[in-house]
Amino acid sequence: MSTASPTAQPLRLLFIGDVLGRSGRAAVVRHVPRLREKWALDFIVCNGENAAGGFGITEAICEEMIQAGVDCVTLGNHAFDQRETLVFIERQPRLLRPINYPPGTPGRGANLFTAARGQQILVVNPMGRVFMDAIDDPFAAMERELGACPLGVGCDAIVVDMHAETSSEKMAMGHFVDGRASLVVGTHTHVPTADAQILPGGTAYLTDAGMTGDYDSVIGMEKEEPLRRFIRKTPGARYEPANGEATLCGVAVEIGADGLATMISPVRLGGRLRPEWPQEWGAAA
Amino acid sequence: MSTASPTAQPLRLLFIGDVLGRSGRAAVVRHVPRLREKWALDFIVCNGENAAGGFGITEAICEEMIQAGVDCVTLGNHAFDQRETLVFIERQPRLLRPINYPPGTPGRGANLFTAARGQQILVVNPMGRVFMDAIDDPFAAMERELGACPLGVGCDAIVVDMHAETSSEKMAMGHFVDGRASLVVGTHTHVPTADAQILPGGTAYLTDAGMTGDYDSVIGMEKEEPLRRFIRKTPGARYEPANGEATLCGVAVEIGADGLATMISPVRLGGRLRPEWPQEWGAAA
Amino acid sequence: MSTASPTAQPLRLLFIGDVLGRSGRAAVVRHVPRLREKWALDFIVCNGENAAGGFGITEAICEEMIQAGVDCVTLGNHAFDQRETLVFIERQPRLLRPINYPPGTPGRGANLFTAARGQQILVVNPMGRVFMDAIDDPFAAMERELGACPLGVGCDAIVVDMHAETSSEKMAMGHFVDGRASLVVGTHTHVPTADAQILPGGTAYLTDAGMTGDYDSVIGMEKEEPLRRFIRKTPGARYEPANGEATLCGVAVEIGADGLATMISPVRLGGRLRPEWPQEWGAAA
Amino acid sequence: MSTASPTAQPLRLLFIGDVLGRSGRAAVVRHVPRLREKWALDFIVCNGENAAGGFGITEAICEEMIQAGVDCVTLGNHAFDQRETLVFIERQPRLLRPINYPPGTPGRGANLFTAARGQQILVVNPMGRVFMDAIDDPFAAMERELGACPLGVGCDAIVVDMHAETSSEKMAMGHFVDGRASLVVGTHTHVPTADAQILPGGTAYLTDAGMTGDYDSVIGMEKEEPLRRFIRKTPGARYEPANGEATLCGVAVEIGADGLATMISPVRLGGRLRPEWPQEWGAAA
């Protein structure tokens, strides 16, 4: 538990959605150090499953993101697209892969971190199953984690990156842990949703953080080849990340002494999308 | 073609996402007449596939929405959940079902409408295929429609409701018709996205309009049963629409004399989500 | 363990595939009592997930099958289509539902039975996940069962009904338990496969037992409505079981003192398919 | 139309299922020339979508199969796994790809051939959509082909290779063309089914021909890697074809002067499966 007094400042957390390739990484490196300071952020989580050319993550890229100020990198179905991840994830406690992968999968799906002012933050990375690969139950996995490290008892805040395709499975996860986690934020669709809210039990919720990538694209990839594949059924070129300026996409949350959310606000900076951030935190640039 | 002069006011269009059950309909009836007048709207499209208790639409409900000021009602995979729709859609030119349903399906998937000031508006309702039922190619169907009624030649504006599950298929449709349609807006996920933009070719684009329903729910349904089905695999209760106040969710667009977009802005009014609308159009209440 | 001496007759087992509706049940009632006696069968397993009008099973129907001489009834994705099954499965040890349903699901997915001459038979009912509902890992579930009751230690024979859509997942299960189970037989596709073999490790294997139903149909259902649904996307009539004479479809296996298979032969009797049975067991009629 | 007199011998046709890699090709080369002569075959069709190391087909392999006596090679979802197929299919009229691929796809999905004694044989290669890629309607495509070249008017026999995952979609296709085609045989699951029958209208039907490959495998591939992927979710080795002796799997059909079937019999020769062939045609070896 935190040594922070109950009258302390609320915990300020930034979650950044799927970083896509070179332009996504550039946005992280450009924005995160400044935001960390300007906004007095206590903790930053970032989904990195598409950081390496759109497919997985390398150790060098993971280090680059941590150097920029990211405290924890989460993953998803692309977790092991780069084979080296099978190895370096074992020695990198700041990197999480989906928690409901089969027993024996390298790495871990949850970890407890110490934030800037000593707060204990549990991050968990469940992955959905609807229209995705067949894996173990993400709800049962979350129940186990919450049992092992309950909010307010084992930690000061719980952040859940629910990597899933459908809005229904993500919303269901939000309600499933409502009042028992600080934030449930979805990733994977690469489009930010506009439904940020604090659920009735006090959990901050957003269906998808959106990608940190170029929005003149098809989910971050140069649009010609994806478009071609929807129209033709013949093999074509490889998918390549779009290289226009990325929009840093994510969500900002304030968490009170009880571990529940007091504020949630979308964050969108740079690139093609309309800028947005918690104005009460001050300027973003 | 419109009789409007080239110096005329831009066309103002409102698109409203999947209206969900009683509380969704209440939001349409409450907001649409006022917004139509306040914002001097030229044309209003509304997706009605979940208007009847979450499943399909009845003739009475369709009439209610038209009475409220909706010019065109689109549908999706729930188009024919109410059997009467198979019959009354034939006599209701303002109701569209997915255009790429098999030949012989009752009703139509596109229609040309005359807007408030005489503008000719083509509305098309393609449906995606990824993680959805196997139907004909929505891209080929769009190509045919655009060929038959090109923007600026056969009509003044083209509105595309792309009803689809994945963000990739919707984005691909946006780019596919970019410069050839006025607006591509997605429906079906029941969560509004925050990626409204004007694509490089001039087409306004939003991945999903979001539902017009109660956001304390699982995609508009009372959350207990959906949550139970994610956890257990045994039969339970029926899905029932959540009855809290709905958020009217959609998108507002301004379209110039060339049929391309000059402004796109999300619209969210009432209910749990943070209010949003085009401030330059004046007050929303 | 069995009290049977090592020089005893091999264990003779009959597995019958998905019994479909009234005509399927009639085939069970007509053939099973006679075959049990003529062939000196030690144990009979039958998949009953479609016994009640194509959808699930009732207590009365389950009793009817046991009365006819079936020792164990397995199920699949239709396990709980009849709500009464949620209740009576708890008091019926001869009825199994998929073993990898979530913890807390009524009933059990494996049980140990005493066969005609005292042999101990373990029956396990895993369900696949590819193109099926998202449930827990069937391979992990099998591993646990085999660990708890190993062949030759905890029992004399192990019968696995692998209820799955794809041939690949069924074949993988066959190889996964090869040498550790007596028989792996698939169900669910409603079509018998012709690949009966004894795998290298000694496990008898058949990808699908086929349905016990009318083969002038679409997987046992009156063909008009399924055909219509492939062509049109509008709602139609309910699915009704086809009522022509059923073919009893399944597989006959001989199991040696070590619990491994010494013979596997398809069984097909009655209806439209070419008759087949282990000729060395004598006449079938 | 054929110059054969109505009293002529029935047309004898052999269909061979998905040839898998080197061992599958060896079975074709070993059996086909002999069977062609011994059984006085008029026409031989063979599915070649897995002939090149499990993935697609090359021009050299296609030529090898034609040299061995195959009259027509059909494909499936692996049609274009080898890029050269995009080119050489245009100059190889004996090679068919799925007919319901989008307009503009290289090659053709149906062709009319002249058999040994002058009979005109139409071969059509539709592909299913359930649990497969989203393509155009295979039923509508078949309807067009049958309209353009009706049985008994435009040709003496019609052979349909329905490449599909589910038994239901294949059975539906059988009934859809019953009385209008000579043979509907499924491919793609790589397991032969045992439901050969002549449907009420006179069309010979078999749900799946099975693969021509090594049955000590997971659908023709070395079993270790597929098994691993069902259990773990981490990347592993490439899929490699299993190299044990292949079973030539297929179906033999006799077709009368009216183009309808008078006999259907499974064919299985070599490898691990029990041998089977039309005994009335004489020896197979």
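A, B, C and D label the chains in the order they appear, each numbered from 1.
Convention: contacts are C-beta pairs under 8 Å (C-beta built on N, C-alpha and C of every residue); 3 or more make two chains touch, one makes a residue touch a chain.
Listed by chain with UniProt protein names: A, B, C, D = Metallophosphoesterase.
In this text, all values refer to a predicted model and were calculated from it rather than measured experimentally.
Across the two candidate interfaces, A-D and C-D, the one carrying more C-beta contacts is C-D. Measuring from the averaged C-alpha position of chain A (Metallophosphoesterase) to that of chain D (Metallophosphoesterase) gives a distance of 48 Å. Chain C (Metallophosphoesterase) and chain D (Metallophosphoesterase) have CA centres that are 30 Å apart.
The set of chain B (Metallophosphoesterase) residues that touch two or more partner chains comprises 102, 135, 137, 140, 231. Viewed as a network of touching protein chains, the structure reduces to a complete graph with every chain in contact with every other.
Across the complex, chain C (Metallophosphoesterase) meets chain D (Metallophosphoesterase) through its residues 131, 137, 139-140, 165-169, 171-172, 175-176, 189-197, 199-200, 207-208, 210, 215-219, 223, 226-227, 230-231, 266, 268, 272-274, 276. The touching residues of chain A (Metallophosphoesterase), when paired with chain C (Metallophosphoesterase) in their complex, are 102-103, 129-130, 134-137, 140. For chain A (Metallophosphoesterase) in complex with chain D (Metallophosphoesterase), the touching residues are 80-81, 83, 86, 101-102, 104-106, 133, 135, 231-235.
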